[in-house]
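Shared between the two complexes below is chain A, which pairs with chain B and chain C, respectively.
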Partner chain A sequence: MSAYMTGIIIILCLNIIIAYSVFLPAAAGQLNLGAAGFMIIGAYTDAYLSSADEGLGLPILLTIPIAALFTGLVGFLMSFPILRTKGVYMILATFAFAEIVAGIVLNMEIVGGASGFPVTTHAELEVLLPITVGVIVFGFYLISTRFGLSMRSIHDDENVSLLFGVNTHLVKVGAFTIGAFLGGLAGALYGHQFDYIEVQNWGILFSIYVLLYVLIGGTQTPWGPLVGAMFFTFIPEILRALGDATGIELLGELRFAAFGVIIVGMMVLRPEGIMTRTFLELLFRKPMPKSDISLG
Partner chain B sequence: MTMLLNIEEIDVRYGRNHAVKDVSLNIADGEIVTVLGANGAGKSSLLKAIQGTVKSTNGSIIFKGENINRWSAPKRVQSGLVMVPEGRQIFISMTVEENLLMGAYSRKNVDVTNEIETIFERFPNLKERRNMSAAVLSGGEQQMLAISRALLARPTVIMLDEPSLGLSPILVKQLFELIKEINSEGLSILLVEQNTHMALQYADRGYVLELGNIVASGTPADLLADEKLAKAYLGGD
Partner chain C sequence: MSNVLNFTSVDKSFGGLRVIDNVSFNVKKDSRTALIGPNGAGKTTIFNLLSGIYEVDKGSIILDKNDITNIPARKRINMGMSRSFQNIRLMPHLSTLENVMLGQHHLANSTKENFFPLGLIKRNKWAARAEQALINAGLETYPGQVVSELPYGIQKRIEVVRALVSNPKLLLLDEPAAGLNSTETKELQTLLENVSTTGTTLFVVEHDMNFVRNLCQHVVVLNFGKKIFEGTPDEVAKDPQVLEAYLGGNDDNAP
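And now, the complex of A and B:
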């Protein structure tokens, strides 16, 4: 495998994990623009614990889970103020959270402040790939459980869910916390791939992109974040390759503009995302008979 | 006659708005009781107070001999008091089968496969679409899904809030036949309706609510015999 291909797959894996971290709360109706914040917490916690020179030099098999759990704990605590908000206000609250995290870390001299922090332990795909597969399996599994069912019922109608006995508050806090955990996991893994972290990597644009992976991929099924992350990782590269091959400037140098056009087109044509339930039925099942009206 | 559900002098207030005033109402085991009234008469507020999603301030709600005033809505569902909310409110991004599973959510660790199959025998349309998103169902199918979902919660009293809303006349007829059928299987029914003619045709007793007060009650024959009432609410002349 070429170094280019390896690089793409590394980015794809990280994008998939962070996509699931935003998808799981989204499946419970939460719009989260704080992916950057969780990734920063996970990345810096892991880097500080694992780095040999400036950190504690602990083994990464220990530091990655600790970083993810710690981020999950922060998410759990933050869920109480954040879950008081809904919809657009929740987007603003999670965005504010990410900005606060960035502001704090930028001013923490112990982790290098604005000049970033080196990560001395490099891990190859053999670490990243199994964890990514694990996260995908976990995402599919969680959605299929009783907990997943209650998450989706809250997404559709919180009041009726409560009526049928769902502990809506507990489920919402749980979904948010799991999202934070996966965000921290993605952050911790990032450091070991690129050997260096800095807060500037994770700005508002990053959080917007991750939310787009999920919205474009679709929030109805656990296929959504997988397809969304692949779409966002591969399309710019495909456009680059097409640009090189054809010499069309729009596809090459202006590929991000072309990409933007594709995103807007997707939003117009498929507002529910690429992977909808109906689309999955088309792929996996026989066509259903047409609806006629009768009470049976 | 033993009363299954006994509502005594309850009030519902939204701030200054006094939606339900001193309302008493009861349902005997196996009865179909209807609550009639114009828009804004307090019918839905009354149902919500019984279900527990809105707090009643005075009086008491006695269900199966227990005062359930302080019970949460989910606890009332578990004890057998189940509402089919106005406008169906099914979970539209979930499949038909998942909607039914949600109905049984409060009955933890119970295998409801057989009960779901029984529902599907009754409604072949739902069976055909069991794995499809509930959003593709027609209005009539959504209503039968909402009722089936409530049945899976194992109710003793099922409360229906304007079930005929938005259904064509033939579907309304089928809906009331279904309500009668469920009732004959032993369920008591509290039916809030604007379609007074149909409701009185199927109910054992009725109450008329006006601006939060009960202004009349009795058998359908009694209510239809009252000329003033017939004129104001029942479309008579």
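And now, the complex of A and C:
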């Protein structure tokens, strides 16, 4: 595999994990613009614990789970104030959270402050790929459980879910915490791929992109973040390749302008995302005769 | 016959407006009871008090000998009461089957059940029960179809099935026949009659008086937050106070 392809796949894997981290809360109706914040916490926790020079030099088998769990704990604690807000106010609250995290880390000299922090242990795709597959399987599993059903019910109608006995607060805190855990996991893995982390990687633009993966992919099914992350990773590369081949500047140099047009087009044509339930049904529906639903 | 519901001396005010004023009534076990009254009489408010969306200011609600006056909304379904809504409140992005499975939630609310995949293993017991409930209700739709795509009348009946799979002692139905055509109303009536033979008491808010007369044995009439009459459908139809409430008569042309 060429270095270029490996690079793309690494980015795709990280994008998929962070997409699931935003998707799971989104499936329960929470719009999270704080992906960057969780990724920073995960990346710096892992880097500090694993770095041989300036950190503790622990093995990554230990530091990646610790970083993810620690981020999950921060998410759990943050969920209480953040879940008091809804809709656009939740977007603002999660955004503020990410900015505060960035501000704190920028001023922490122990992790290098604004000059960033080197990660000494490099992990190959052998580590990243299985974890990514695991995250995808986990996303599908969780949505298929009764807990997932509760999440999706809350997304549609929180009050009615409550009347049917769903512990809505617990489910919302759970979804937010799991999202934070996956965000921390993505952050921890990032460091071991690029060997160097700095807060500037994870600004507001990053969080917006991740939220877009999920919204363009669709929040109704666990296919959404997978398709959304692939869409966002591959389309610019495909445009680049097309631009190189044809020499059209709009596809090459200015491909992000073309990409922007595609995103706006998607929002107009498929406002509920690429992968909606109706669309999946069209793909997989087997005509079900009357006799099939009677259990006899 | 004993009562499944005692609604005793209940008051409810919003700001300075008293919407429920010292209302008392009982619902007999295994009966089909209706709650009627003109628009704004307080019928839906009573349903919201029963299901715990609002708290009562004064009075008590006793469901099958358990005082539920201060029990939070989320736990009332465990006491044996579930409801449907005036405007359809199904989960639009969930399938028919998933909506019905939500109705079973309080029966399946353990850690093990919460984290057991419902979709991956075909025909687990909850899905099978939900499917059976849909068949019993004669809903020959795609169980996997997203409900927002189904016709209004079917959605109305799915709401009843969703409330029903929670095994309620008392089923509250808020205008189940509203917006249905005559065939759909007939189908709904058959469904409800079957339900009431299986040990579920029906308590129905309804405007369609023919539907009430065909379905219910007992009627409670509200007007301006007060109970004005209680009796059989035939008695209600003859009562001058009820007629006045509905037709707004004055003494000159009173019927």
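Here is the rule we use: the second predicted complex is superposed on the first by the 285 of 296 C-alpha atoms of A that agree within 3 Å, B and C clash if a C-alpha of one lies under 4 Å from a C-alpha of the other, contacts with A are read in each partner's own complex, and residues count from 1 in each chain.
Keep in mind that, in the parts below, a residue touches a chain if its C-beta (ideal position, glycine included) is under 8 Å from a C-beta of that chain, and two chains touch if they have at least 3 such contacts.
Because the structure is a prediction, the values reported are computed rather than measured.
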Partner chain in contact with A:D157 - chain B first, chain C second, else both or neither: both
Partner chain in contact with A:G165 - chain B first, chain C second, else both or neither: both
Partner chain(s) touched by A:I8 [first = chain B, second = chain C, both, neither]: neither
Touched partner set for A:S144, first chain B, second chain C, both or neither: second
Which of chain B and chain C A:A241 touches, first, second, both or neither: neither
On chain A, the residue positions that both chain B and chain C contact, one per complex: 146, 149-150, 152-153, 155-157, 159-166, 220, 277-278, 281, 285, 288, 293-295
Interface residues, chain A side, partner chain B - complex: 146, 149-150, 152-153, 155-157, 159-166, 220, 277-278, 281, 285, 288-289, 291-296
Chain B residues within the chain A interface of the complex: 51, 53, 73-74, 77-78, 83, 85, 89, 91-95, 98, 101-103, 105-106, 122-126, 128-129, 131-133, 136-141, 143-144, 149, 153, 168, 171, 174-175, 178
Interface residues, chain C side, partner chain A - complex: 51-53, 73-78, 82-83, 85, 89, 91-95, 98, 101-103, 105-106, 108-109, 113-120, 126, 128, 131-132, 134-135, 140, 142-146, 149, 162, 166
Chain A to chain C touching residues, read off their complex: 141, 144-147, 149-150, 152-153, 155-157, 159-168, 220, 277-278, 281, 285, 288, 290, 293-295
